[in-house]
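Both complexes shown next keep subunit A, but they swap its partner, so subunit B is in the first and subunit C is in the second.
What follows is the complex of A and B.
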């Protein structure tokens, strides 16, 4: 079953785009190269920001008990199942023409700021779907750490910065790399968010979609998919070599 | 210094939860442009029902069908993978997570190229089903395998076999109860993921087989803001119960460990 419905279609995909000229065009023509670069840069920035924020949240939540903690954790991790389109729509409500941000800036400065359809809005959407999975992974890793280490460092008079650098960072390193790579991979392939938000910005999954539907350029769509797949795979392979593995994908 | 982590946590929570509340609210306001003072109404939800009832029905049906498929394929596969010590089984376990790593749009494109021209398959709902099963099966497998490995199945099964239980009876009375929690968690995950799947569905669906998330994108693009919000609200009402149940199962499993 896996063979017929997954491996064979993938093989066909590779076969369809197997013309070297197509790959040459995909990797040299500016419209495709720029899309690839934008996608990689956006995914990279998203992954770094999401991991950074999630690490702070996870470090603070781990080993801390207070009423409502379970509810808070649930609220922080549940949005993982929201599809990209819905997230994009929420960003429009937040930063669109009739959004919250526009109302606030209108009230403050008299100008309505609309960011939803710019790279900022797209980044916010990407960050939104990356944060919950990072928090879930990093929280699990932080809980598994021995609280005595941090305690000992504190007793010995280490400053907060020193404790973060010498205790938390080494302890969480595998989880940080693994969740970062997963974020990167998800962001690379994210179609839903871009489908609704990216009017002017060309990210790779959108380019593949337009090549396929509007230009009916099957070969190019296939070649671009393969490039996208390979780029994603490299990111995951890097994560794997750090020992975090795919367990973080959930 | 000390107040930075709690502040970041609060901001992240607001960033994640705020938009959900905002869109839920927008779905029941009479006119979003006027804000809350415009009053509340259910008319947008009614409009959603008129336009998109078929997508809601199809998505619920697909989620159910996907669940059945992943159970039928996933549980026996998980069982044989969890028991086996061979290298091939480890390799296969690794290979099964592949569909998660390959971008959905690539898989969808491959499926269309290979199967798109075969009879009426392309316009039938089962075409979308194939994509959903591919995407969700790894989650079912991972959760079930983890539960089975923890339960120390070989020993339990051997004991049952020594007592004279045949294969089918062992599977039903020993294996399934032992992996119950993992199967339940996997099932809820599968339902939630299938309901919200978009990356593949956008290409796999046809005008005759539009799923809910594709319908959502359609409503965002072409109808007024309040209808999009109301549709989002309907979607959340469908999605949140399995997610809450998932959280509860996860908490209970965590407590057992």
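What follows is the complex of A and C.
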């Protein structure tokens, strides 16, 4: 029963878009290809930035203990619980027409800068929901690392950069790859944020949505879904093979 | 190369207010090997970390190397070799790169590193394993890599934190002999932290017994065993028989003698490598331990045994 519950919709989806011509169109026609490329590029950049920032935060927090640390960690990882639409709304409050950024630039230059509906806004939204997951995963990995490794490198005279390269990066590599892949997969499929923010930018989940609702082009929506699904699945497979149990924590 | 290291009024209070180390003075003569001995939580690892620069002393304390104040000198520039408790070998590097890492970090070019690494590999007899990774080594081999890594940059001071902690008993003994020979040959100022009194006695020219965040007694192994400063030190560095009225003695001070003044009842006998260790129930309710000479008849359990006492060896606390 459970298997049928999982497999039937999948089979229907693959069946619906089974026409090779649809896949050909999806992978050659510019309106679809551009959406795919934008989605992949945006997701990649989001993943790289989120992992990079999270690694710095996690490395700094890992073996430091100070009052308020638990609260700080809780605040940093809290947005995991927020739905995409809420995050998008927060980005609008930050960078929209009435947003904080517009107020500041108005005061500085007399011009209201609105970034919420551009690729910058979308990226900021994606980064916002990706960061907490990465921080949670990488902090756990960094805390699990033997602090004596860093101390040993210091005692042997290694500079901070050398320690990052020789101790932290190799030690965190599995978690970096795993959390990056999960960020990528999540960003690929994020509809809520995209729906609220992407006025002019077409990302794949939105194209699927419009193909399906507006153009009632079921076949194309299915074909695009499969492509999106496969790309996401590959990313998650990468995460699993590197991260082992850790990817489950994200 | 060996440094004279000195702690002057060095104390350490942790963030939660517990005192890891009370104000302590300690001088390590150049080329000496000092064992810091004590139970867990006595402050010996804290003292080692303060020497290393991995922890900062409370204000007022100073660490000096050859008279120079190094309290504010960062770890990276203290030129100290350290063997960590779990060895902390870099898991993704080969044995050779691990050993050469200190030279690499100091910017020594490869051509000069290689002979030194080869020399270190020879010193710890790991030439054949230079290309292995730490997870392909046995516990004893890892310990030797850690030692070679610490020694390769010719440190002024060598710190060893429970260097045998992760090894089984037979290996500990073999490596202890090896390390003792190596330290004697190198004449590097060394500090060994251990909770094993036999290890401390065998390796240290001097032993500092620590208790509750301070050094309880410092002296040669023989001094500390034969003339312990207090009851705690005496009990920690060896077996102590309570004779009552503040009088104590070591097992060697007792021997079976039908005309002896003391009497106990045999409660257990343990045979170990030619000697028998005898446990007796003392009249006062305590327990006495003594060792029988090889070949001496072992009395039956439950039987009474009269003992002679070497009065010169009696300790009073």
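The working rule: the second predicted complex is superposed on the first by the 241 of 250 C-alpha atoms of A that agree within 3 Å, B and C clash if a C-alpha of one lies under 4 Å from a C-alpha of the other, contacts with A are read in each partner's own complex, and residues count from 1 in each chain.
Heads up, the rule we're going with is that a residue touches a chain if its C-beta (ideal position, glycine included) is under 8 Å from a C-beta of that chain, and two chains touch if they have at least 3 such contacts.
Model, not experiment: these values are computed from the prediction.
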Sticking to the clash and touch definitions up top, decide whether subunit B and subunit C on subunit A clash or fit.
fit
May I ask you to decide whether A:60 touches subunit B, subunit C, both, or neither, giving the answer as first, second, both or neither?
first
Is A:164 contacted by the first partner subunit B, the second partner subunit C, both or neither?
neither
Per the contact definition in the header, classify A:45: touching subunit B only (first), subunit C only (second), both, or neither.
neither
Identify the partner contact of A:154: answer first if only subunit B is touched, second if only subunit C is, both if each is, neither if none is.
second
Kindly classify A:233 by the partners it touches after superposition: subunit B alone (first), subunit C alone (second), both, or neither?
first
For the three-chain arrangement built by superposition, which of subunit B and subunit C touches the greater number of subunit A residues?
B
Could you look at A:221 and tell me whether it touches subunit B, subunit C, both or neither (first, second, both, neither)?
first
Of the two partner chains, subunit B (first) and subunit C (second), which one does A:85 touch, if any: first, second, both, or neither?
first
Check the residue A:146 against both partner chains and state whether it touches subunit B (first), subunit C (second), both, or neither.
second
Value for angle(subunit B, subunit A, subunit C) over C-alpha centres, in degrees, nearest 10, is 90
In the superposed model, how near does subunit B get to subunit C, counting Cα atoms only, in Å?
13
Where on subunit A do the contacts from subunit B and from subunit C line up?
none
Spell out the residues on subunit C that touch subunit A in their complex, using ranges where they run on.
15, 52, 54, 74-82, 84-86, 88-93, 101-102, 105-106, 149-150, 153
Once bound in the complex, which stretches of subunit A touch subunit C?
65-66, 146, 148-149, 151-159, 162, 166-167, 170-171
List the residues on subunit A that touch subunit B in their complex, please.
1-2, 5-6, 8-13, 16, 53-54, 56-57, 59-61, 70, 72, 74-79, 81-94, 98, 100, 127-128, 131-132, 135, 160, 185, 188-192, 195-196, 205, 208-209, 212, 218, 221-222, 225-226, 228-229, 232-233, 236, 246-247, 249-250
Of all residues in subunit B, those that touch subunit A in their complex:
1-2, 4-6, 8-9, 12-13, 15-20, 22-23, 26, 32-33, 73, 94-107, 109-111, 113-115, 130, 133-134, 138-139, 142-143, 189, 192-193, 196-199, 202-203, 213, 216-217, 220-221, 225, 228-229, 232, 235, 239-240, 243-244, 247, 251
